[in-house]
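What follows is a pair of complexes built around chain A, which joins chain B in one and chain C in the other.
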Partner chain A sequence: MFGRGLTALSLFTALTLTTAFALVFFYAPNDADQGFIQKIFYVHVPMAIVALIGFVIGGWYGLKYLRKGDRADDLRSYVAIHLSLILGVGVLITGSIWAKAAWGHWWVWDEPTLVSFLIVFLLFACYQPLRFSIDDHERQARYAAVFAVVGGAFVPLNFMAVRLAESFVHPRLGTTGDSMPGSMRLTFLIAIIGMAALYATLWRYELASKNATFQLRALRRRLGGDEDSLPRRSAAPQVLS
Partner chain B sequence: MTPAPVPTTRFLPTVSALVRKDLLLERRTRETLTAMVLFSLSTFVVFHYALDRSSLDGDLASGVLWVTLLFAAVLAIGRLFVTEAEQGGFDGFLLAPVDRTALFVAKALVLCAFLIVLELILVPAFAVLLLGPGLGQALPELVAVLLLANVGIAVIGTLVGAIGVQTRSRDLIVPLLALPLIIPLLIAGAEATAPLLLDGGAEPLPGRWLAVLALYDGVFGLLAYAVFDFLLED
Partner chain C sequence: MPALPLDDAGPYVAGAYLVFFALILTYVGIMARKLGKIERELIELNELAAKGERAAEAVRA
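Let's turn to the complex of A and B:
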C-alpha cells in the first residue's frame, strides 16, 4: 500500500539531485561577494524549506488523523516530522558553516531565518519525547496529532514574529531572488526540486518499511510466537489498524 | 450511529461553575499563586546578583520582567490539571452531560486570572526592586501589553498543561513544550515593553507588536479551542 511507484520516484530523485549538484559545481557562477562558499546556499536553503514544509505536512496529517482516526495518517505524520528533524540538524549545521564563512561567526542572532528555524526545531524536538512518555498507543497517537497540528500552525507565526524583531540581513527568496542571475536561479530551482524529491522518497521508503514491519509482526503473532510482541513503550506508532 | 441526544446544560453556567471550583480550590489551598509569587521574587534576586546591577532600564528591564513572568507561568501551567488527573476530576467531568470545550475555556480563564493576580504583585515589586525609571506614565500601555500576552499564555498553557498531565514525565514535558511555543509572545512582549521602560522617559509603544500579540492570541485561541476535545476523549 505504501510501495507503489517507489522505483520511479527513486530514479527521479537520483536524476534531479545529480543534475542539481552538477549545475552547482559546473554551471552556477561563483558569488561576487562570497566566492565559492556561497554554493552551500544550494544545499542549505532547499533543505530548510523542505524541512519546514515537512513539519507543516506532519501537522496536516495530524489533523487528518484527528478527523478520520486512520492510524496510517498517524504514521505519515510521525515519519514526516521525524525526517524533517533529521533535515533540521543538517540545516543548522550547514547554516552555521555558511554563517562562519560569510560573517565570521558560527551563530548570528540577528539573522531571523536561522533563529526562527532553531525555535521551530527545538519545539519539534519535543515531539518524540512526548510520544515516548505516553504508554497507551491510541492516546499517544491522539496527543501527538494535537501537538503536530499546533506545531504546524506555529511554523509560519513564529517566522513572522522573529522576522519582525530583527533586521533584514539574511538572503531570502523573493527579496534577493530578483537580483539573482538566471543561471543561479535555475540551479536553485533544480536543487529545491531535488531536495523535495529526496524527502518524498525517504518518506515513502520509511512508510513502506514500517508497514512491512507491522505486517511481519502480525504474521508472527498469528503463527503463535509471542517473542515479537509490541514493546511496552515506543515513540514510533506500533500498529496500523 | 448517532448517540441519543443528551440534554446538555448551557455553556456559560458550566464554565462559570468550573472557574468557581478552581478559584475555591486555590483559595483553600493557596498552592499555585503562592508558589508563583515567591518564585518570581526569588528570580528578581537571582537577576540582581547574576547581572550585578541594582537598577535596570530599557531592553534589560523588559527582558528580566518577561523571563520572570514566563517561568512563573510555566509553574502554573504544570499545576493546572493536576487535581483533575490525580483526584478523578477528568472522570467526573467526562461523565457530566456538558460541552467538553467548557473545560478548556474555564481553565484558560483560571490561568489568565492567576497571571493577572501575579502581575498585580510582580510589576510593583519589579518597580521597587529593580526598575530604574519610574513606571507612572507608561502604565496604561504596559497593562495593555500584559493583558494581551496573558491571553496567549493562558491559551497555550491550557493546551500544554492538558497534554503534559497525561504523560509520565509531566514535569519535564510541560516546560519543554511551553517555552518554544511562547517564544513569539516573549519576542513581541519584550520588544513592546522595552521602549516603555527607558531611562529618559517612556517612548511611544510600537503598535505592530500589539498586533502580533493579538494575532497570536487569535490563531492559537481558535486552534486550541478546536483541538482541545481530542485531549479528553477516552
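Let's turn to the complex of A and C:
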C-alpha cells in the first residue's frame, strides 16, 4: 500500500508551500544586492536541492533492489528519478530566467554550478531510454539499479567538486548564508520543507497509481480477460512481483 | 550588475513561478489522465466479473 497517509501528506504540502510563497512575497525583504529578482531563488534553489536528493534516493533504492531483489524497490527508484528529472527541468528553466535577469545571459558555460547540474540532469535523462531499450523486466530492473547507484553516487561527488571550484560567480548558499537575515533564512527553510513535501507527495502519489495499475492487470488476468494485460515494453517497471 | 528595478524584475520572477506551477499542473494533468484510464479499466473489469457471475448462475439453473 503506497497510498497510506497520502491525504495528510498532501495537506501538509499544501500548507507549507502556501506559507512559503506567502512569506516570499509578503515577509522576506528584497535582497540588498539583487533586489526583487532574488525571489526566484526561493523556488529555484529548493527545487535544485530536492531534485539532487531525489537522484540520490533513486540510487539508494537501486542499491536496495540489488541487495534484496524486491521489485517494489525498483519501482521506488524509478519514480524517484522520474520526479527528479521533472524538477530538474524546472531548475534549468528557472535558473536560466534568473541568469538572464541577473547576468544578461540565459546560460553561462564557464560557470561550474550550472554546467555540473546540466551534466547530472543529462546523465539521469539517459536512465529512461536505458530502461526502454531492455525488453526483459528482470534485466531491465537490474541494469537500471546499477545505473541509479552509480548516478546517485556521482551527485554528492559532483556537488563537492563544484564547491571546491574557484569560481564564485553563481551565488553560494552555504557561504552567503551567514549574512542572510533571519526572515530570509526562515522563508528559505520553509520553501525547502515545502518542496521536499511536494516531492514526497508526488512520489507516493505516482507509486500508488502504478501499484493500482499492477493490481488491475493482475485482476484482469484472474478474470480471464488477459489479452491486453500482459506487460508491454516500457521504461516504467511493469510488474511488482 | 546592478539590481533590476521592480518593473523590470517582476516579469522574470512571475515567469519563474509560473514555470513551477505549470510543471506541477502538467504532472497532475498527466496523472489525472492515468487515473481516468484506471477508472475505465475498473468499469470494464466490473462488467467482466458480472458477466462471469451471470454465466455461473445460468449453469446452476
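Operating definition for what follows: the second predicted complex is superposed on the first by the 231 of 241 C-alpha atoms of A that agree within 3 Å, B and C clash if a C-alpha of one lies under 4 Å from a C-alpha of the other, contacts with A are read in each partner's own complex, and residues count from 1 in each chain.
The rule is short, and it goes like this: contacts are C-beta pairs under 8 Å (C-beta built on N, C-alpha and C of every residue); 3 or more make two chains touch, one makes a residue touch a chain.
Predicted, not measured: the structure shown is a model, and the values here were computed from it.
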Contacts of A:5 with chain B and chain C, given as first, second, both or neither: neither
Contacts of A:153 with chain B and chain C, given as first, second, both or neither: first
Partner chain(s) touched by A:36 [first = chain B, second = chain C, both, neither]: second
Contacts of A:202 with chain B and chain C, given as first, second, both or neither: second
Which of chain B and chain C A:182 touches, first, second, both or neither: neither
Partner chain in contact with A:101 - chain B first, chain C second, else both or neither: second
Chain B versus chain C as contact partner of A:145, first or second or both or neither: first
Partner with the higher number of touched chain A residues, chain C or chain B: C
Which superposed partner A:219 touches (first chain B, second chain C, both, neither): second
Shared contact residues on chain A - chain B and chain C: none
Complex interface listing, chain C residues touching chain A: 1, 3-6, 8-10, 12-13, 15-17, 19-20, 23-24, 27, 31, 34-35, 38, 41-42, 44-45, 48-49, 52
Footprint of chain C on chain A - complex, ascending: 21, 31, 33-37, 39-40, 43-44, 47, 86-87, 89-90, 93-94, 97-98, 100-104, 198, 202, 205-206, 209, 212-213, 216, 219-220, 223-225
Contact footprint of chain A on chain B as seen in their complex: 159, 163, 166-169, 172-173, 176-177, 180-181, 183-184, 187-188, 191, 208-209, 212, 215-216, 219-220, 223-224, 227, 230-231, 233-234
Residues on chain A engaged by chain B in the complex (per definition of touch): 66, 119-120, 122-123, 126, 129-130, 133-135, 139, 142-143, 145-147, 149-150, 153-154, 157-158, 160-162, 164-165
